[in-house]
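Going by the order they are written in, the chains are A, B, C and D; count residues from 1 in each one.
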Amino acid sequence: MNAPLLETRGLSKAFGGITATEGVDLDVGEGKIHAVIGPNGAGKTTLIAQLAGMLAPDSGRIIFAGRDITRLPTHARARLGIARSFQITSIFHAMSVLDNTLLAVQAHDGHSYRFWRRARRDKRLTGPAMAALEQVGLGHKAASNASGLSHGEHRQLEIAMALAGASKLLLLDEPMAGMGAEESARMVVLLRGLKETKSILLIEHDMDVVFALADRITVMVDGKAIASGKPEQIRADENVRRAYLGMEGPGETIGDA
Amino acid sequence: MRIHKMGLISVATAAIMGAAVLAAPALAADKVKIGFVTTLTTPAAVIGNDMKDAFDLANEHIGGTMAGLEIEIIYEDDGFKPEIGKQKTDKLVKQDDVDFITGYIWSHVLLASRKSALDAGKFMISANAGPSQLAGKLCHKNFFSTSWQNDQTPMALGEVLNQRGVKSLYIMSPNYAAGKNMAAGVERTFKGEIKGKDMTKWGKDAQLDFSAELAKAKASGTEAIFVFYPGKAGGAFIKQYMQAGLNESIPLYTVYTVDALSLPKFQKAEMKGVLGSLATQFWSPDLDTPQNEKFVSAFLAKYGRYPSFYAAQSYDTLFFIKSAVEAVGGDLTNMDGMRAAMEKADYPSVRGPYSYGNNHFPIQNFYLREAATDSEGRWTTKIVSTVYSNHQDVYAKECKL
Amino acid sequence: MEWVLFVSQLLNGLQLGVLLFLLAAGLTLVFGIMDFVNLAHGSLYMMGAYFCVTLTSALGSFPLAVLLAVILTFILGIAVELIVSRHLYQRDHLDQVLATFGLILFFNGAVHLIWGPEGNPIALPDYLNGRISLPAGIEIPTFRLVIIAIGLAVAVGLIWLVTKTRMGMLIRAGASNRRMAGALGVDIRKLFTLVFALGAAMAGLAGMMIAPITEANIGMGDDILIVAFVVIIIGGIGSIRGAFIAALLVGMIDVMGRSYLDDFMKLIMDNQSAETASPALSAMAIYILMAGILYFRPRGLFPPRHR
Amino acid sequence: MHPPVRLGVRIAVLLALAVLPALTGALDQPFLLDLALRIMILATAAVSLNLILGYGGMISFGHAAYIGIGAYAVGIPAYYGEYSGYVQLPLAIGAGALFALVTGYICLRTKGVYFIMITLAFAQMAYFAFVSIEEYGGDDGLVIEQRSEFTGIIDMESTHQFYYVVLVFLVGALYLVSRIVNARFGMAVQGAKDNDQRMQSLGFDTFRYRLACYVIAGAMAAAAGWLMGNYNYFFSPEMMGWTHSGELIFMVVLGGAGSLFGPLYGAIVLIILEEQLSSATVYWPLILGAILIAVVLFARGGLEGMLAKLERRK
């Protein structure tokens, strides 16, 4: 097996006295979907924030494509190929749908100190941007204002932005949150289709989705990764069953620590 | 909602139309037009109103005509800002096509407006501001002052201190050009020791709390304090000087601080300690000239208060203009004739006769005056002695006229 | 003798500090809770002073006038909140800046119309107009001590109100999370009105305290407003404690800069340059302080935990 | 199809400005030209402020400092006898850009109101610094005897030629901003205004783009200051005061922040209102204040916003 695309070793972060993540080791392989599950407050979003560079870990290392990126700022990581979607939709509300993806393309097409040519007439930007929109099924909405989209469309747009960025690793924080069953199903198909070109680190509460998509699963409880393995291993793991799966049905949450 | 918006649009449109309509063309010269730029908003409007009142009074005394021409006065507010002062000056000389432009309390407003007025070929007469530049290098054949040059009054005060045997002095003044001129003026003539000097913040957010400076002055062991705080800062300073009890131990000498604008307020606040404080000035309400008596009594009768020196200068200005217009028989195109007349200063000035230097600043007397009570119990200033006779400012030699 | 001067200056700094606190407290609460940039806060300071001018001469009693004027400013605060501010909480800061600048112009014009352009003095009763001798030959005007006492009393009262009472809990909740305060089941609109009026009354009180020293003037609030903003920025927006500490800090730095900077500058440069440089530098001091603090702590000294 | 109200107004305003010198000559109204000059110069500065404020979300409360810096770049060389426009103009732009670079580097670490206040702080520092420099007139400022020289090309002393120089700067500023905001750079800056965190996670170093934008705006405003110094024949620290910074913000917001022509409309309406009201009554702040409040409460999006609504309604 090749070296994983993303590795973390002993990643720890505390706020005041409260531990958010503690000694997390994670390996995301190339071309894989790696899901992280756990109850609310287990530290999943904090983990993503550290991977994306929005929080600095107190200790531990992050290695991406063989390079230590622990101290790199967010934008530098993004340029290396890490794209993030947000738990709460994070798009450019004042801009059109196309502009949103256009910015994602622009981010990876050299620097933006270009003051004269009109960006919206630049085929190098609009081409890939439209392609990403078509891929998620938003092509017909390209000219609409982003704030006018439905909730599900917002999530689709987020994915389109992650795609347009030509990134290697997508960090997806609950991409299905608040979606209807039909929209969810479409998203599952979409994500599965991405596997050929991207690796995905997925945080998701919907266990049906997780077990349908994930190649590997890591379970986090109270900031610690208590188990990691293939879906069937996780399903069989006694610790996990006790701590999480067994107590309540899939898709439910436990506690609010 | 819609009504409001339509209202706004019409206000905006009206404003734009108004700019065009109000800009009515100037009429032929059967009038003498005088533009008067002063400060009519902000607290400094106290000064502007005093000047305006005196100018109106002068117009009344003249009977509204000079050399058979009707007088039209247009007042404009400079808002205490040089830029606005310049804009108003532009309006007066270009749109209203005035023959004389006067007023100007503040040095920076005058400096900013100067070129607009002089380039348009108008006579510009400062009724107050006297920055050193205009007395020296920037003097101009069409610029006159009916007031004084900044340095003169404090120089006279330094002389007073020497005469009275004061050995040490503490100076406080605002940190701007006139303030620096005042401090420099007194330092130029005072022969004793300067115990300390505080230049306090001035301008938009001027410092009005002088507790720290007063504590320093007290600790310095000085014999006397000199201050220059015009306008609202003056009242604030004097009050705190009293509240700190310094009036019992360290006498106060001032320029342009204890005047007809501030004294009624001190009286209202019953701050008796200010009586007896000494200041120098080219003029005082009790100065014994026929013109001054007429001016002060009429001003008192009409407005119920003593005129300030700003008022005196403004009152003079109209008579000064009248002397020029009458000298050429109302021919306002005869600039040379009017200028020659003005250079003679041949008009009844409230300060008595004076002459003009080459830089068109007055050569005049300076007096020591004391805050005192008049026969009716009102607080005013009275002349103690003459400090300088026919004193000329020191910048005149830099003027190439 | 030297340290007598130093202690006098400390007291002067303290007096300026508590005055700034009175002004800044309301500003930081309104800002922190309603996220409302109120440039017109200084106008309320001015209105307080003018109310006090009129009432003092009408009633002949300064303390009584202050009492009534504080109530009047409180009512004025309610009126301003209901008529203008309330409609601006949901707008962005730019709209708020524009509208409240409009309020400044409006109040300045109104005062000019009603009271005229001249400064209005307030005559203090004799028992406030004297001086008090402290040990070791320190003398301080009685009224300045009164300002310090009133300012500290209000500060203590306010901190008690904010930390110990139910209303204070709501205010703190509001300052850190507006939605949560709403979720606690309070009538948030009433709370806003109350906080705004309370801030207005404190600003008005500050105006009443300064007017006997400097007179009530048109635009007096605009001048000090910027300094009050500096205070709340340094302290951290929404923090009463921060406002208090920053106000004392700014007061001390201002007074000490004016007292000692020129002597200090004379040590490192010639007298002439020191005389020119030190007034400019002491005027700049608080801005340098603010820029420096924001460089290291971009949200002030005591930012509320969550926004 | 909506009628092109906004386009029509834009063309009408620019045309009116272009023919104004001929018009004022014919009507014998030279003062209108002075008013128009002041409006256009301040509008140029407001357009530059709009670039950072309207498009970049950076509310600078210290923009007047750049006008002062530009004006001093006319005055200080002139004080030493250097009148060449080829020296003064680049000096103004360079000094403005440098001041923006240094202060922007510190200011842009903060956000929101903290940013507003720290920009104000730097402008105040510049203000007090120039007050204390007695050599250049301190608080009183200095006058210059002639405008910048472009020998053989333009005679800046001629009112009409100077007028068209100013008009060219205004139109140039508008065109420049319209290109910048639609280019990749402008997209990046607007994205950072909309959602800074998202921009960073896309891979943009938003701090640098903001800083670059801040520097461009500073340089443009200093150029406007260069015009202002020439127009006034006078410069003083007062030009840097915070009330002037406030005035620029009002022009932008009144006209409509983030719309290309908004700052120009704002400048026209604000200055004409001020001029007319202040000549009519000393209580003009009362009226202007009420108008400002009404505009904010009832006319969202400023004048451009009103025009846009008009366009949709018809």
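Here are a few things to note about the model shown:
Methods note: a contact is a pair of C-beta atoms (placed from the backbone, for glycine too) under 8 Å apart; a residue touches a chain by one contact, two chains touch by 3 or more.
All of these numbers come straight from a predicted model, not from anything done at the bench.
Separation of subunit B from subunit C in touch steps, taking the shortest path, is 1. More C-beta pairs in contact connect the chains of B-D than those of the other pair, out of A-D and B-D. Rounded to whole angstrom units, the spacing between the C-alpha centres of subunit A and subunit D is 43. The mean-CA centres of subunit B and subunit D are about 34 angstrom from one another, to the nearest whole unit. Here the CA centre of subunit A is 48 Å from the CA centre of subunit C.
Taking each chain's centre as the average of its CA atoms, subunit C and subunit D sit 32 Å apart.
Touching two or more other chains at once are residues 131-132, 134, 242, 282, 284-285, 291, 295 of subunit D. Shown for subunit C are the residues that touch two or more other chains, namely 108, 112, 226, 279-280, 283. For subunit B, the set of residues touching two or more other chains reads 40-41, 45, 175, 204. Checking each pair of chains for touch leaves A-D, B-C, B-D, C-D. Within the complex formed with subunit C, the subunit D residues making contact are 53, 59, 106, 109-114, 116-118, 120-122, 124-125, 128-129, 131-132, 134, 242, 246, 249-250, 253-254, 257, 282-293, 295-297, 300.
Listing the residues of subunit C that touch subunit B in their complex gives 1-2, 4-5, 8-9, 12-13, 15-16, 108, 112, 117-119, 121-123, 129-131, 139, 141, 143-144, 210, 212-215, 217-219, 222-224, 226-227, 255, 258-259, 262, 275, 279-280, 282-283. Residue ranges of subunit B in contact with subunit D, taken from their complex: 1, 4-5, 7-9, 11-12, 15-16, 18-20, 22-23, 25, 40-41, 45, 76-77, 79, 81-84, 86-87, 90-91, 94-95, 107-108, 111-112, 114-115, 131, 133, 138, 175-178, 180, 202-204. Residue ranges of subunit C in contact with subunit D, taken from their complex: 31, 37, 84, 87-88, 91, 93-95, 97-99, 101-110, 112-113, 226, 229-230, 233, 237, 276-277, 279-281, 283-284, 287-288, 290-291, 294-295, 298-300.
Within the complex formed with subunit C, the subunit B residues making contact are 40-46, 48-49, 175, 197-201, 204-209, 211-213, 215-216, 219, 232, 235-236, 239-240, 242-245, 261, 265-266, 268-270.
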